[in-house]
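Each of the next two complexes has chain A plus one more chain, namely chain B in the first and chain C in the second.
Let's look at the complex of A and B:
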């Protein structure tokens, strides 16, 4: 027996829209939660044992970040089916797990509205990131009741109703609501629950916990002292790693790994396991350096420390003895540090960078250089024109051009290509010791690889030295400030934000380029909760009624 | 297939890097002054392929290779007194999954007129007189030292050596699924090698030499790992994985030899023993071990191990596969028993005079790996730098 869950969800959404928002408020944004956020919320609310299967709707990248695109994506009919299927699967797991329903029904073969209300008022608050309204609770309890009557089972009814909640737009979308700023008539600020969500998704990549919601409900979060207290609590939590991990996964475009493929004949080491572990290596490195060690952001380009699995170590051709391996168990992650005389350092020489920004069967100095410019330095490199002849760079067996440097040099002599290649190739060529899958090499086609070059006036001899140049580049710190601010505020940093960004940069430098401190500065800034209403941007909730 | 260029580069890089790692180790140990600065080094590998050393050629089986198992079964059943039609009907039923027909095949041995399992009691089945190899060429070694005068000796097509003793290849070389001519592999080993990769701890090799092109004082060491081999994207054994060496002394053998023109050679009286796996090869036990392994430019090894092997050790894993193995992989299992028994050529039993060992050659391939003593793995900190300083140079 299938219930029309989407209709129940829509009904709940409608109920929410008409009852939860006060008359002097405006809905100023709807952001679809990301797949990782979906998973994290389910884990936080119901535990790690609840399985999540199915396909999520594709995200959209805006101004370099998926987080910005989340405000511009909807749910297709197919996507709704997927969310519905996932919701049913999660609900089934939850209802069969002992202890997740906080009460025993009076009879297992009949509805129990009191027990149902207790459950939905509790989980509804966490899933909707605000107190559940009377109307919403009534809808959920009613759905559970109808299901229990029909299926003659309390838990089956609860399962259907919970699935409806999980497929609801109240759960799938973060709704940002602006309330009139009493202190500044005419101005608007995020209401307490929207602010709580914004903070929680930024720092923990998940929904607010009970403490944060309580702070929002009591009004404490709207006070500077209360907000700072919650902010510092969250920054001190180990869960900050999830937030930082989510940001860098977004900034480094690691979602592209889902589409990455290598020619197994050319790169036999690049298996599915390597693909799966590559991004994780970099995220662990970054989180360890920036959060666990509270290190300098710029050091991600020069650090010798990383984390490896056995298969990653095999690609890098480094030994990685396992001390606790049991055959058949998943490979463990092991901290690893390259020796001082090893020519590798920094995340630019990770598989996650050199393999992700290469072709299936060969490296690409141009793509790597472009990625470095655009991702790490926030500099736009124009796309190549449509009529470019790539024959020379594609032919890796041409005896006239044995190395990538020789091939791109020959290619870039064409006038129409020269300009852009000057922007990208010197940096990309510095990484040519790493082949298209992340393996280390000294030669290509029997010829020693030349990795020297110049970036923005600074010379380097190899990839590790390129990392040092990026480390010292003001563009790199300017870029990370811009990206973090965009990610945190949920909007692209327009030219009008120059002064704000400059202040952030100065504070970032003063604080030793520490990401947690940058997050704190942004969260405490007026921009974090201030809302600028435009005639078209805001949806009047009175109109929605 | 591996990316040759990448492999070359990796091997070159590892050599450079390990040299510095060794220097670090030496410095740490504080014994720099007492260590010969010559480039003595160790290269380590994981076995990536292991199979019977066959050299199949046209017309090397008198009257052709042994017939398919379906025909062999018919012959076996007729030997029990069935008519051809009755025998063929049973074989058809076996193909259709008929359990009772299957049991007839399995229990086609007879002891005192009673059916017995043919694989456990191969002597209870009449010798089906399967064909053995009759060829000039075979790979391996002159184990008995008699050279061209050795009875049943082959000529090795690689080395030109005459009097090569490889009776295992002679016994098994006319079975379709075991036939192969290097560099091709037999279909039988294509199956079982991939089968055991996932549950048999890896076999490890290391070679010590002062010069890997020519050295009169080289050494090859065989060990077993604690970890299983790992696959690459082509379902071949992954290069450059790290393995902990199983401290179990049973699977540790050091053999001294020499390297000439990049080929390691050894001809010894030593026994090579390796614990294997229960299904395919419980153990490899070679007496008078001989080794010829080429150290290839891409960093891998390719060559042969030879020696006299208790022939029941060759038979047992084949018999353990039972009817499924007989049907899908090998051939008439009691027939193989008789082939091995008749071709055994060494170590006669003092009481019966029957030979208990058979000259055998095994083809072995290996790819570079990091082989680490378990003591090192245990004492290694979570910091990779500490681990690297303990890795020997290659």
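Let's look at the complex of A and C:
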């Protein structure tokens, strides 16, 4: 537990604010926290022992990122039922855990407003990411009081009131508040607490910690020196891994794993464990390379290093070395490096890419190529038209077309299909050594698979060489800069952002393509806290540009 | 009430692990002398459902040859024969694009369910939300959404930002509806749960903060916060209902717990889960827990993900990749999967029909609206869309008709459903899909 409530309780009573939005400010965004953020906040505030179960409302992907969709989604009654059930379960665990309530009630069978106020002023500050207002504190204490009276138990009342707080819009929505920017008439600038949240969710995928909140409250965060100090502290923290992991999980669309299923007859080795571990392999690889080793982003497409579990190793058919027992249990995750002469390298040959972007019972060069274009290069591939004859692609037993290349080539000779297939298929075919579940193969139907091709003028002979081409592609670095900026700023990078993006790209290259440095550059840029509202939108709208 | 308790004991466990059909006689003492209404004089509550299946049927194989009453089911709809008198089939209707681009497996669903082709920025409420606003405000759940193919995606929505996620797991659905918070309406005694009373008063503290939270919000954020508070109001109403003795529902029986269900897109799993969902929803409707249900057998995410185990492609892929058998005149695997989907629909109707309420059945007071995404999925067509209604909406709809309305918008069926159910609406849809023409042939 990073913020034990015992410490919070021992701290001086926090000042309550008078209202959610100060008179001279505007709300410029309201983002629903993600399931991972919900879990992380609960763990940070109440400890890892508190169980979180239940189903979250589905997220919505906008411009390639769930993070952008979070500003558009609401809560339905079904969803609120789920949030409410989760909140009650969390609250029950918290109230059962000794020491999390910082005071003893005068009598256990009656309300104690003083103790309740002490608890909710400190917890509210962490859960709402700002000082709790007078009205909010009064409501929480009132709720605890009413619950305690009805149930004749102080802790039961506290439990119900905490549950209500955890299902409240103040907790579920991250509200961004801005004040008029005196230096730029017509523009707004995020207030200190909104800035703190923006920074914390970006870098740690969680709510601000005590230090960051204190910096916001004191005004220090609004000074360049104070902001840089907090930014560097957070970048240096091991918790940066959580932020980077959350970003790549979003960018790589790993939420799709929840719906991924492989045919058990065709791919019997693709178990639920493989499904569970596949995304984790890539996230561990990326975080290790980009955060722990402070490596070059482009190397994710060429690295021979990865992390495997026994089930993943069995799909890849690689020998996994025995590992030391940790606390009596074998550590399921083992660092692994493919030998130099192994044809596999880079995350494009991970199960998380080749299996996620395949059919349930076979590979798909077209889907893989499309995913590569759209996810890694930020290029849009048009949807297929209607009335297309796909028969030849499907018939894997047709003796005329033994490999996917032959089938796709025969299909793509149709005039209406050629244009788009040229965009996708060459790259997808380079990955054909990986079957629909991520297993390695050299032949299909007895014929050697041809993995040669060309992408945007650059030739490759196999999947690993395709990784090298993507590594060297300016589109890949342009794409990651665009995605990180969109994610960090919480908005799609419109055409007006070209100059800003160009500057970021130049700095990214100068800094050796390091993601932590890119995050730092963006956080320090004026755009991070400046908000320009569209003319047609009412003030304080999520349509902020 | 001891009879009811005994019956429930007998039933307990019957559904565990397998779908069963349980018909329970409606006790006469609850009915008037004609068996058409409650003894109190109140009408038996009307209920509504949507049933969604991706990828439709084969043109020429589902439309009855006869137009009007007493149609004979075409070869692909033979399974519906036992329900013919309560099913209306609508053919020839289309989705108008009005020069807007069509998303092959999305647009058809959207117009059938919302009357519109929404943009990212906005979306009108789906038909079930409009109906729930009229008939679903006094039940524990305003509506219940389920899916049979493992997907939480759903066409049910209050707006673009408030989509009602579908529950893929019958186990979870059972817990949600018949878990510890379920109050049996037929219990002789009723004791309000102090925990519910306390929760109710605590929630009011959250709702009282609405005005303060609304301050300084722009239009779209305010709309989203309004949706939150609408949901909260729903939660409060749920608790209010939990604190009152529910009206007896004689046909209500509590199903045995569903302990296990394999959620996924294999057609066999979809069929099992579809049956379990159908049974649970029938029990939920019979017990007055909701009056609106939405079932997605497949296709909520567009197309259809269901698949035959051992096959390298799913239903959607088959529609594009399978050749037409020259002898049969259709795609054999696709057609088999279409038949499977229709079996799911038949199972739903059977579950409702098997709940006896006097001389009538639960299906008699329901209206189920069946819709799909394409007229012919192989070609992504949006004309001659297969549409159906099932149930008699408490006598407000006549069954057993085949309506051919070539060239009319599909929205006519949705409008007809809504008017039959008392939704105060005189027209529905946008642009060329805007209609004020109900289907009078089926209106009682």
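Simple rule for what comes next: the second predicted complex is superposed on the first by the 501 of 545 C-alpha atoms of A that agree within 3 Å, B and C clash if a C-alpha of one lies under 4 Å from a C-alpha of the other, contacts with A are read in each partner's own complex, and residues count from 1 in each chain.
Everything below uses one rule, namely that a contact is a pair of C-beta atoms (placed from the backbone, for glycine too) under 8 Å apart; a residue touches a chain by one contact, two chains touch by 3 or more.
It should be emphasised that the depicted structure is a prediction, and the values quoted were computed from it without experimental measurement.
Asker: Determine, under the contact definition given at the top, whether A:259 touches first (chain B), second (chain C), both, or neither.
Answerer: Touch status of A:259: second partner only.
Asker: Now for A:357: first (chain B), second (chain C), both, or neither, which partner does it touch?
Answerer: After superposition on chain A, A:357 lies in contact with neither partner.
Asker: Looking at the overlay, does A:77 come into contact with chain B only (first), chain C only (second), both, or neither?
Answerer: The second partner, chain C, only.
Asker: Check whether A:440 is in contact with chain B, with chain C, with both or with neither, and answer first, second, both or neither.
Answerer: A:440 sits against chain B, while chain C stays out of touch.
Asker: More residues of chain A are touched by which chain, chain B or chain C?
Answerer: So, of the two partners, C touches more residues of chain A.
Asker: Just chain B (first), just chain C (second), both, or neither: which does A:271 touch?
Answerer: After superposition on chain A, A:271 lies in contact with chain B alone.
Asker: A:317 in the overlay: touching chain B, chain C, both, or neither? Say first, second, both or neither.
Answerer: It touches chain B, and chain C stays clear.
Asker: Check whether A:335 is in contact with chain B, with chain C, with both or with neither, and answer first, second, both or neither.
Answerer: Once the two structures are laid over each other on A, A:335 reaches chain B alone.
Asker: Could you pull out which residues of chain A sit against chain B in one structure and against chain C in the other?
Answerer: Touching chain B and chain C on chain A: residues 264-266.
Asker: Using the touch rule from the top, collect the residues of chain A that touch chain C in their complex.
Answerer: 19-21, 25-27, 29-30, 55, 57-58, 60, 62, 72-81, 84, 133, 135-136, 139-140, 142-143, 146-147, 150-151, 156-157, 160-161, 163-164, 167-170, 172-173, 177, 259, 261, 263-266, 359-362, 383, 386-388, 390-391, 393-394, 396, 436, 537-543
Asker: Residue numbers of chain C touching chain A in their complex, please.
Answerer: Listed in rising order, the residues are 103-104, 120, 141-142, 145, 150-153, 158-165, 167, 172, 176, 194-195, 197-199, 201-203, 205-206, 208-209, 212-213, 215-221, 223-225, 227-232, 234-235, 238, 264-266, 301, 305, 307, 309-314, 317, 320-323, 378-381.
Asker: Provide the residue numbers of chain B that touch chain A in the complex, in ascending order.
Answerer: Checking each residue of chain B against chain A gives 1-3, 5-6, 8-10, 12-14, 17, 20-21, 24, 199, 201, 226-228, 230-234, 236, 238-242, 244, 370, 372, 376-378, 380, 382-385, 387-388, 391.
Asker: With touch defined as at the start, can you tell me which chain A residues reach chain B in the complex?
Answerer: Answer in residue numbers: 262, 264-272, 308, 310-311, 313-315, 317-323, 325, 327, 334-339, 341-342, 435, 439-445.
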